[in-house]
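Shared between the two complexes below is chain A, which has chain B as its partner in the first and chain C in the second.
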Partner chain A sequence: MKERNANAGIRRYAPMIGVAAAVVVFYLAIEYLRQARVLTPYYVQILMFGLLNCMVTLGLNLINGITGQFSIGQAGFVAVGAYSSAAVTTLLFEFNKLPATLQPLVFLFAVCVGGFAAGVFGYLIGRPSLRVKGDYLAIVTLGFGEIIRSLIRYIEAVGGPRGLPGIPQYAGVRGGGLAWVLFFFTLTVWFLRNYIYSFRGRACVSCREDELAAETMGVNTTTYKVQAFIVGAVTAGAAGALQAHIIGFIHPDQFSYVRSTDFLVYLYAGGVGTMSGAIIGAMSLTIVLEILRFLADWRLIIYGVVLVLMMLYQPNGICSGKEFPFLIPKLKAAAKSSKAGVTGR
Partner chain B sequence: MEHFLQLLIFGVQLGVIYALIAMGYTMVYGIIRLINFAHGDLVMIGAFTAYFAARVPGVGFVPALLAAMLLPAVLSVLIERLAYRPLRGRPRLSVLITAIGVSIFLENLPRVIPFIGPNYRSFPKLIEFREFPLYGSAIVNSIQITNVIASALLLSVMVGIVRFTKSGRAMRAVSFNKDAAALMGIDVDRTISITFFIGAALAGAGGVLYSLTYPMIDILMGVWLGTKAFVAAVLGGIGSLPGAVLGGLLMGIVEVFATALYSELGYGAGFIVLILVLLFRPEGLMGKPTIEKV
Partner chain C sequence: MTALLEVRSLGIRFGGLQAVDSFHCRLNQGEIGGIIGPNGAGKTTIFNMLTGIYPPTAGEIFFRGENLVGRPIHGFTEHGIARTFQNIRLFKELSALDNIKIARHMKVKYGFFPGLFRTEAVSRRENELEEECLSILERLSLAQYARHKASGLPYGVQRRLEIARALATSPELLLLDEPAAGMNPQEVDQLSKTILWIRDEFKVTILLIEHHMQLVMGVCDHVTVVSFGKLLAEGKPDEVKVNPVVVEAYLGKGGKF
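Presenting the complex of A and B:
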């Protein structure tokens, strides 16, 4: 009996350990390639920004793809995360003078503050704006992002319209920041995967499919919509916090609505509604835009044309609604085996 | 009081421009439920058309304005034909992403055209600048008068078209119910093209009037001008023509007053008003409330 339980435990945690091991191996491989000078810091930094974009897009996917709301103000949450975490490391602590053992803790704290602050704003925006629907909600979120930006310009303590320089580059590409980014990226993927396939995620999907029917079945749609907004905001905030500590400089104009539309484009180009779509869209477009840099001024023109052509000929995105198998928890199998166990007895 | 009046004049001057641009947004939204992200860039194209037209000797304000209305209008019909029409009936979000793509394209295309380029340019003085005392120290200048008169004229022509012509009636029918309109023998595609044409013409005119007021143009001017005009359209109730005018004026006035209070506040103030309005009247100031039925 005991043995069986132990086996079940291993079976339960094996995928998790496997994924963690895969991430560590991936990190070591990149680190090795960097040491061997195959990958320059430039490439590693692109990878890091790609992962950050993935995080924000995954959060956006929960709001737009799973819950069926329409947010186009994601950059506002990124801004809140970036600024509040930077405030922790520059204004609250003197990060560079801290003992080296404390630095990871303070940094972790800063990222948490960034995520938390963004989450608070997610609640503040989500709660009242759910009175409005569809396109109007889109405009409210867009307006919210722009209000955040003008408010930051107003706050002198974080540099106002001049931006905030001198943030410790603790997650910078030279300081092994990839490990931090990978850690938070994996955490986001793991959390969102479990969230989407939990009863909460189902409730979110029911809001998307038919709000009225969901309400009739006793789903408190408001709760889940607000929850989706908060979770999406927290992931965006954490990504913002990391971004601030990679570059070491943030400016209100980095978080304009043009940035928000970038995330929207990543999501819909990759395939809305699936996590694979969000990841592949964000990663591939981040990389493609970097590859196209040699085109100079033609780069964004071609980007625009590609976007239009893709919507014309591949409207469901690159992934077209398919999900990587490892992003779907094995719920059915588990349910079946437990059922079989019950009936077998 | 005089200061107040002076700010009000500035506000109205800016507001009528927003109203012109907002009209295009609201018309396109009203007829195909699309937030036309590329609309703001047509404003920029209008401003540049006028800039180059005014270089031709003998071309004054009115011909430049007409040229600036025609080119964006034709372009807009072309965009609708090539990018939006094939997507009709698809999920609205794919059309929206397409609109973002078109907008990215239009913003960056002039950058590589050798005679335009990314630089700021000073807009020619198409109207002779004169000032008239109004009340106390408050003054009104010739550009402000031109702005208000030109916008009023264009808007009334537009409203006339929508109210009294056959195409206008077709427009209202299509926006009311596309399928029923098609069954009644209305050429839906053509009506949508006309809507894009008129909306873009107004956007071009808005671009010229804006450049007269703030004579500095660049290829990204359409981005935030478009955003603010769009907010104005939503504020007034998107889909409603009088709403666009009201929203535009309100937006301009709020922005000028907020900027007078604190210079960094101007941009955000319009959004704050918008969110406050939407919280209490989710359909905008003059929009029709939607009724949810099972």
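Presenting the complex of A and C:
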């Protein structure tokens, strides 16, 4: 009997262990290639930024793709996460003087603070935004992002308009920061997948599909719209915290509306409404943009052409509504569940 | 015995238009009530007030002895009132099964963090939910459409799915807004049987709006007639049918059902 339980446990956790193992193997492979000098730190850093962009885009997907809101101020949440976490490691603690055993804990704490602070702002923006819809909501969120950026310029303690240098590069390329980034990326994917395929995620989808019908099904649409904003913001905030500790320098202009637009492009190019779309879109476009860097000023023109072509030939995004099967939790009765999953796109 | 639903002098104004004026009705547990009346009489508006969508400008809605006026829409559902819409409002892009799952929203409860980690208990609950929903679909002969996108289903199936979705909230009172719209006589006949079966099978009280007299006469215990927002007549179907005021409102002078 005991043995059977143990077996069931193993079967239950097997996929998770599998994914964790795959992530570790991936990390070791990249580390190996880096040490063999096949990959320069530059490439590894692109990969890390790609993963961060994935995190932010996944959060945006929850707000725009799953819950059907139209937020375009995601960079504001990234800024909050970056600055609040940097405040922890530079102002609150003298990070570099901490004993080596404490550093990971303080760093984890800083990322949590970044996520939490961004979540608070997610609530502050999500709450009043409920009164406006569609284009108007977009304008409010855009304005919000810009307000955050302007406010930061006035906070002398974090460098104001000059930016904040000297943040410990604890997640930097050279310090094995890829491991941290992979860890938080995997956690984000896992949490968001579980969230989307819970009753809360379905409630979010119902807000997108038909708010009135959702209410008549007993869904408190206000709760779930705000919740989506908060969760999406926490994700962006955590990514911002990592970003600050990769580069070691943050500046208000890194979080302008241009950055917000990037995330939107990633999401809609990849395929809005699916996590696969967010991941593929953010990753591939981050890499494409880097590859095109040698074109200097021509880069954005080519990038624009690529996007237009994609919208013409693949209007629903690269993934066009298909979700990676491992991103849909298995149910016993659902042996033949459809590929579209609950997101229905 | 107190009635399950007791509506008193309910009224609503849209600017200059008194869409509904001192409407009242009373339904006991297990009864089937009907609301009839010409187009634009205010029938759907009454349903909208009974589900919290429009806040009435006058009157009370007592449900199991409690006045629900002023509650949010989902509060009405929580108290046990479910409905279908005149112009079907399914979650079109989602499968039939997911439509039902969303309707079970109030019946699924687990914490935010257990949900994020998808603990064993959460996973078990989600599996149970899948089975509950499949069985609801099965009971309404919709099992074969479980994985089909709602928007792709035939019209009649969509109507049935909307009823299934309303029932999935485990209501005590089911409001059906023109369930027979667009159906041919045989289908209407079938629907009459289905409605009676639903009342017994799901132990619900039903209030329906219909233009098909044949259906209203066949299933309703009690009929209320509205015209231009006013309550014209009420009573047993046979009484209402021969009430001269009603006949006139519906068919003009000299008309006959």
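Here is the rule we go by: the second predicted complex is superposed on the first by the 328 of 345 C-alpha atoms of A that agree within 3 Å, B and C clash if a C-alpha of one lies under 4 Å from a C-alpha of the other, contacts with A are read in each partner's own complex, and residues count from 1 in each chain.
Definition applied: a residue touches a chain if its C-beta (ideal position, glycine included) is under 8 Å from a C-beta of that chain, and two chains touch if they have at least 3 such contacts.
Quick caveat, the model's predicted, so the values are computed rather than measured.
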item: Touching partner for A:Pro329 - first (chain B), second (chain C), both, neither; value: second
item: First (chain B), second (chain C), both or neither touched by A:Arg131; value: first
item: Chain B versus chain C, judged by how many residues of chain A each one touches; value: B
item: Which superposed partner A:Thr40 touches (first chain B, second chain C, both, neither); value: neither
item: Which superposed partner A:Leu212 touches (first chain B, second chain C, both, neither); value: both
item: Partner chain(s) touched by A:Ser198 [first = chain B, second = chain C, both, neither]; value: second
item: Which of chain B and chain C A:Ser320 touches, first, second, both or neither; value: neither
item: Residues of chain A that lie at the interface with chain B and also at the interface with chain C; value: 212
item: Chain B-touching residues of chain A, taken from the complex the two chains share; value: 64, 70, 128-129, 131-133, 135-136, 138-140, 142-144, 146-147, 149-151, 153-154, 160-161, 212, 257-258, 261, 264-265, 268-269, 272, 297-301, 303-308, 311-312, 315
item: Chain A partner contacts - residues on chain C that touch it in the complex; value: 51-53, 72-74, 76-78, 82-83, 85, 89-95, 98, 101-106, 108-110, 112, 115-118, 120, 122-123, 126-127, 129-131, 134, 147, 149, 165, 169
item: Interfacial residue positions of chain B with respect to chain A in the complex; value: 29, 33, 35, 37, 83, 86-87, 90-91, 93-95, 97-98, 100-109, 111-112, 118, 223, 227, 230-231, 234, 238, 262, 264-265, 267-269, 271-272, 274-275, 278-279, 282-284, 292, 294
item: Footprint of chain C on chain A - complex, ascending; value: 12, 191, 194-195, 197-200, 202-203, 205-206, 209-210, 212-221, 329, 331-334, 336-338, 340, 342, 344-345
